[in-house]
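Next come two complexes, and both contain chain A; in the first it sits with chain B, in the second with chain C.
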Partner chain A sequence: MSWPRHLVDAAGWSGAIEALAAGRRTLAGLWGEPGLVHMATHADGEGAILSTPCPNGAYRSVSAWHAPAIRLERALFDLHGLRPDGALDKRPWLDHGRWTLRHPLGEALAATGPVPYPFLASEGENLHQIPVGPVHAGVIEPGHFRFTAAGETVVRLEERLGYVHRGLEGRLAGADLDRAAKLAGRASGDSTVAYAIAFARSAEDALGIEAPARAQWLRALMAELERLANHLGDIGAICNDAAFSLMHAHCGALREQVLRAAESAFGHRLMMDRVIPGGVAADITPEGARGIQALLRHIRDRLPRLVELYDDTASLQDRTVGTGRVSPELAARFGAGGFVGRASGRSFDARKAFPYAPYDVLNFGIRAREDGDVNARVWIRIEEVRESLGLVEQILDRLPSPPVHLGPPAGTGEGNALVESFRGDLFVWLRLAGGRVERAYLRDASWFQWPLLEAAIENNIVADFPLCNKSFNCSYAGVDL
Partner chain B sequence: MSMPRFLVEGMLKGPLAERPPEPMSFAELGAEFETAVQRKLGRSLSIRQVDAGSCNACELEIHALGNAYYDLERFGLRFVASPRHAVVLLVTGPVTLNMREALERTYAATPGPKWVVAAGGCAIDGGLFADGYACAGGVADVIPVDIRIPGCPPTPIALLAGLLALLNGGKPLRGG
Partner chain C sequence: MRKEVVLAHNASWLFRVAPYLIFAGTWVAAALVPTFATGLMFSWSADLIAIIALLGTARFFLALAGMDIGTSFGGIGASREVMIATLAEPALLMIVFSLALLAGSTQLSTIAGYMLSSNVGLRVTLALSLFSLIMVAIAENARIPVDNPATHLELTMVHEAMVLEYSARHLAVIELASFLKLLLYVSLIACVFAPWGLAPVGAGAAAHLLGIATYAGKLAVAGVLLALFETAIAKMRVFRAPAFLGAAFMMGILGVLLLFVSRGGLR
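Showing the complex of A and B:
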């Protein structure tokens, strides 16, 4: 069900800002179109979209009252040239001065060339700065981290992203549904299934159609396999960043087995381009279904021992307990989704808060903790692995009968979807006209998690940054687009 | 104590490692050289990976090369933290304009002789991101590319077969 969209005047817009600042509603997205700014918010399982015109290219800043909107407004200005009136941070975000033009999605201007980027200041005695990136030491995505440290202790971390901005939203505009679904599935490759589901559901919502039941169940099956693969890989990688490679080796093998099962069931290890508007591209193979059953048995056999190993290794706990803490207040204020939010007391999960098929009829629990450190994020992920195993089993047991696709959909309309990726809730809004995308907006879970990483590392030692960073595992591609 | 149990089990059970794949031929890899790389490199390759604008799925599969199934270090292949230690740059993604300079500087910082591998459809020709205001195109539009490993993303086996071709001068490991 679409979230209703209302056109509001300045007073209506200000009222919405007030509700966010007071914590009565949670920000789900902020995006633009020529002459118009949209804001999506939700509370108690009810979502709404507000749109306000921008006379003279400006609108009242949300971020002046509600910090989670800061980077969204900066990105919006870079892409559309719409100014947030009253915003404190007016630095560019995605635009590094290297594109061929400015404000590519608005009234485009000629490029100015690179300009120096002023990092936020830190004052105090004996502080030094450590610049890291965009090219990092490991096999990870590019981004810049500017640490200010007093000796070993981090006083301030500031992130600068945007390096992998590919112009995805610009490419989506005008694309037919086929191509647009492929593009959306490449917003953040590790969440390709979740993005493809969010895009397909938004398109179906816009066109007033529903994918066949079997397709919806198969989508959920793929989404849970994606969640399992990511959680298993990351649990191992977090331990590896604490120099405990035994966990890494075993978790890495389990992750590989999930990907192999996915390939045998759906024909692609990461299940890219398998979810399409109108259904899924192909049905599950019979041997694939058997393979997933065997996978479940195998993980259920291995997992308890790995969990025991994590729990029993004091040297590992010594690194993860108390490290990189995020307070429940901050998690709530930022509306942090996924394990980052749930490890800090925010038990939001799009599969429960905005139940979509088949999660509305499946049994699973959402757990939250209050401790908010690296250890808490690991435990939340372990518990999510267990829940996903249960979900996969239920789905395989109760899979409805074919068909798996409606035929290629076409038409005109507006729609949106909130989908739980392994990282947390991601939001998609789009408008279709004549079977093509007119405008599509994708908001990754990481938008509301990256800023918390800056808070989490404060007063920790520089050497614990990789561990904290991995325990968040935010997406660069997903926010840079 | 569960750790000793894991270690003992590891010794008793067989390894998970797969048989090595046949290296791809230079023709399959669109190679731009014919010389026997092996003579120059010996039996080991230090690889510096650079994400120049990837969606991160290529990185996931490159990561998988390190798991017990592919275990790339048994071939003398390893990832290094600095381009100064590398002979191979493994580049993914279309090159975004925001990453272009970083890629050029990484290439410049890599001592010769060096080889550049473009991994994945995006790195080969920009893929779905070929043109537009934010991308320079494929890797070859920015730095010279020696071999290309196709796929979206390339599977770990494809990556391994491509890298082994570099070690092997493009000839199969066994037989012909």
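Showing the complex of A and C:
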């Protein structure tokens, strides 16, 4: 179940890079510790973690051969000060020069203050730059987007993130399990359940225990409710970015009903801190279970009409079809998860590829499309809403009997988990020592989706960017850590 | 009025003056449209072409003000606004042309009077002009599907992008001017294509009261129709606007041509 970790020398590390570059394996994470760099990769339902020592604080760059690792390496350098040898992009990523320390998780140095950030150059006639953000006109997360445009056509988009860095990995180190679970649940608020499950599962993996069956089923129930709420919200929000507010209003109402059902069943609208190592914090309330049944009937009644509205509104289809296309090759290369990957032909889902309880006994399908545009990403969400409705129903029907929590022992060990959040696969690795977290690494699905947004917008018009961006709906907080 | 104006350091005098120029131009233009009675105080001082010219002037200053600070959004907004304007104005002039040919005047009070008289009849030209005018009105007032006045997405804005840098009373005056412009277009459509209830020149108080009541009714109907239309349609791509306004222009031209055909040339 757990992915084995091997200590490899330079040759083994190079072999792994070669496998990534050749497309034989998919990158799942790259993180560091003082003097050590870890890399998680997987292929065909089998995952492995490789660790390589860093003599003189340097290791062989993965990104020089495999572009998806670029930002991971830059973040790793900012946090630990470990240099990727041969990397082409050596600019900082998380560290904007405003931290009080440099390399806070490695051999910390005094801060040098902000330095100008060179954006990638674009040359040509009549090109102009449009800086957008990090402060936006709407209330959204902060991120900077640097467009180079020829008139209205986007020639290049470059993202700059890191504005909501909270030092999460630093805070996790040394925290006890309760506190660490809370911190992990706050990595990205909209997928707090998925983060909490991933953290709890890796902690249980490290301690060699398993949560009670009922707890695992309740976790899945919460995860599917979270997926429902987010997907419904996204479908409406994408339409709203094409100024079609009718869908937005209806989907917003449905999302609100999901959140209310979650509140009555689990006592929190976003179900924050309900999943803890060893099980879940509280059992589902009886009226909450009835409320979710009613919710299922309500959504099943409303959804077909909303889908019809989406599909029959020509002015809306005109905006979404063909906009922001991601090629299947790129999606496969970056190992993009979730709706971004599945809209571009990569039918990877952690619930199927690395089945964890109770998904191994539940009946659900994964659909992929090849078109890769905004419309495809909307449709994948619609399909997933349907599947989630079925999953919630199955879970409620077959919920095992209590208990829902077993106190975890104060043990020592390493563990990891790959969990499907609504955005895609979420990877967590941690090492516990005496009941405390020694080192924990959280890799959001958005790490491998943000770069594809830059590719998707190329040759589209500037005014279509918000639509593309919303159809990706990547997490800022989740990658800024 | 107590809210403090936040100005960019490099704002020129034009940036500060533009809101008042825009408002003044729009206000004067709006005053020229017969709302509840023909022959109102300003109604005889200028004609439909002057209204278009005044609105064009207001837009000119708005576009200049948008570029004044030098932010990229202002430039994007100004370039999109001017693109839309260059397409909307010819269509509008075609409508004016066909109306003037029909009524024999570009004076709005005269046109309204002519429309009320019995010798109008049902004309294809009028229908084409009405549709054309509605499309132009939607584009000129930055409504869905050409622009979205309620959006917070800077990159999709047209009108809002130009006024992003404005605040406090400057913004209030600009917003007021844009509302006034919407009112102007609704009044224009109402007075030309639904002139019922307009109090004629020299009518008594009762006729004026009736005029005000029907005018309020017309505004309410227009408001409801606009809301219904805007919820039923998504915003189009920026580059669809030329096709949209091109259709308006074609309908305007077709109206004029049909007029010639039906009359066998100008008498």
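Definition applied: the second predicted complex is superposed on the first by the 479 of 481 C-alpha atoms of A that agree within 3 Å, B and C clash if a C-alpha of one lies under 4 Å from a C-alpha of the other, contacts with A are read in each partner's own complex, and residues count from 1 in each chain.
What we mean here is this: a residue touches a chain if its C-beta (ideal position, glycine included) is under 8 Å from a C-beta of that chain, and two chains touch if they have at least 3 such contacts.
Quick caveat, the model's predicted, so the values are computed rather than measured.
With the C-alpha superposition on chain A as described, chain C and chain B fit side by side in the combined arrangement. When the two complexes are superposed, the chain touching more residues of chain A, out of chain B and chain C, is B. With both structures placed on the common chain, the touch criterion links A:316 to chain C but leaves chain B unconnected. Of the two partner chains, chain C is the only one that A:152 touches; chain B does not reach it. Between the C-alpha centres of chain B and chain C, as viewed from that of chain A, the superposed structures give an angle of 50°, to the nearest 10. Of the two partner chains placed by the overlay, chain B and chain C both lie in contact with A:246. When the shared chain is aligned, chain B comes close enough to touch A:255, but chain C does not. By the touch criterion stated above, A:134 is placed in contact with chain B alone, chain C being left untouched. Once the two complexes are overlaid on the shared chain, A:464 sits against chain C while remaining clear of chain B. In the superposition on chain A, contact of A:2 is made with neither chain B nor chain C. Of the two partner chains placed by the overlay, only chain B lies in contact with A:183; chain C stays clear of it.
Once both structures are fitted on chain A, no C-alpha atom of chain B lies closer than 5 Å to one of chain C.
Common to the chain B and chain C contact sets on chain A are residues 137-139, 246, 313.
Residues 1-3, 5-7, 16, 49-64, 66-69, 79, 81-83, 93-94, 96-102, 106, 128-129, 132-135, 152-153, 155 of chain B are the ones that touch chain A when the two sit in their complex.
Interface residues of chain A, counted against chain B in their complex, comprise 96, 98-101, 104, 134-135, 137-142, 162-167, 170-171, 179, 182-183, 186-190, 192, 233, 246, 249-250, 252-253, 255-256, 259, 269-270, 272, 305, 308-309, 312-313, 475-477.
Those residues of chain C that touch chain A in the shared complex are 72-73, 76, 144-145, 148, 150-156, 164, 230-240. Those residues of chain A lying in contact with chain C across their complex are 128-132, 136-139, 152, 239, 241-246, 313, 315-316, 318-319, 461-466.
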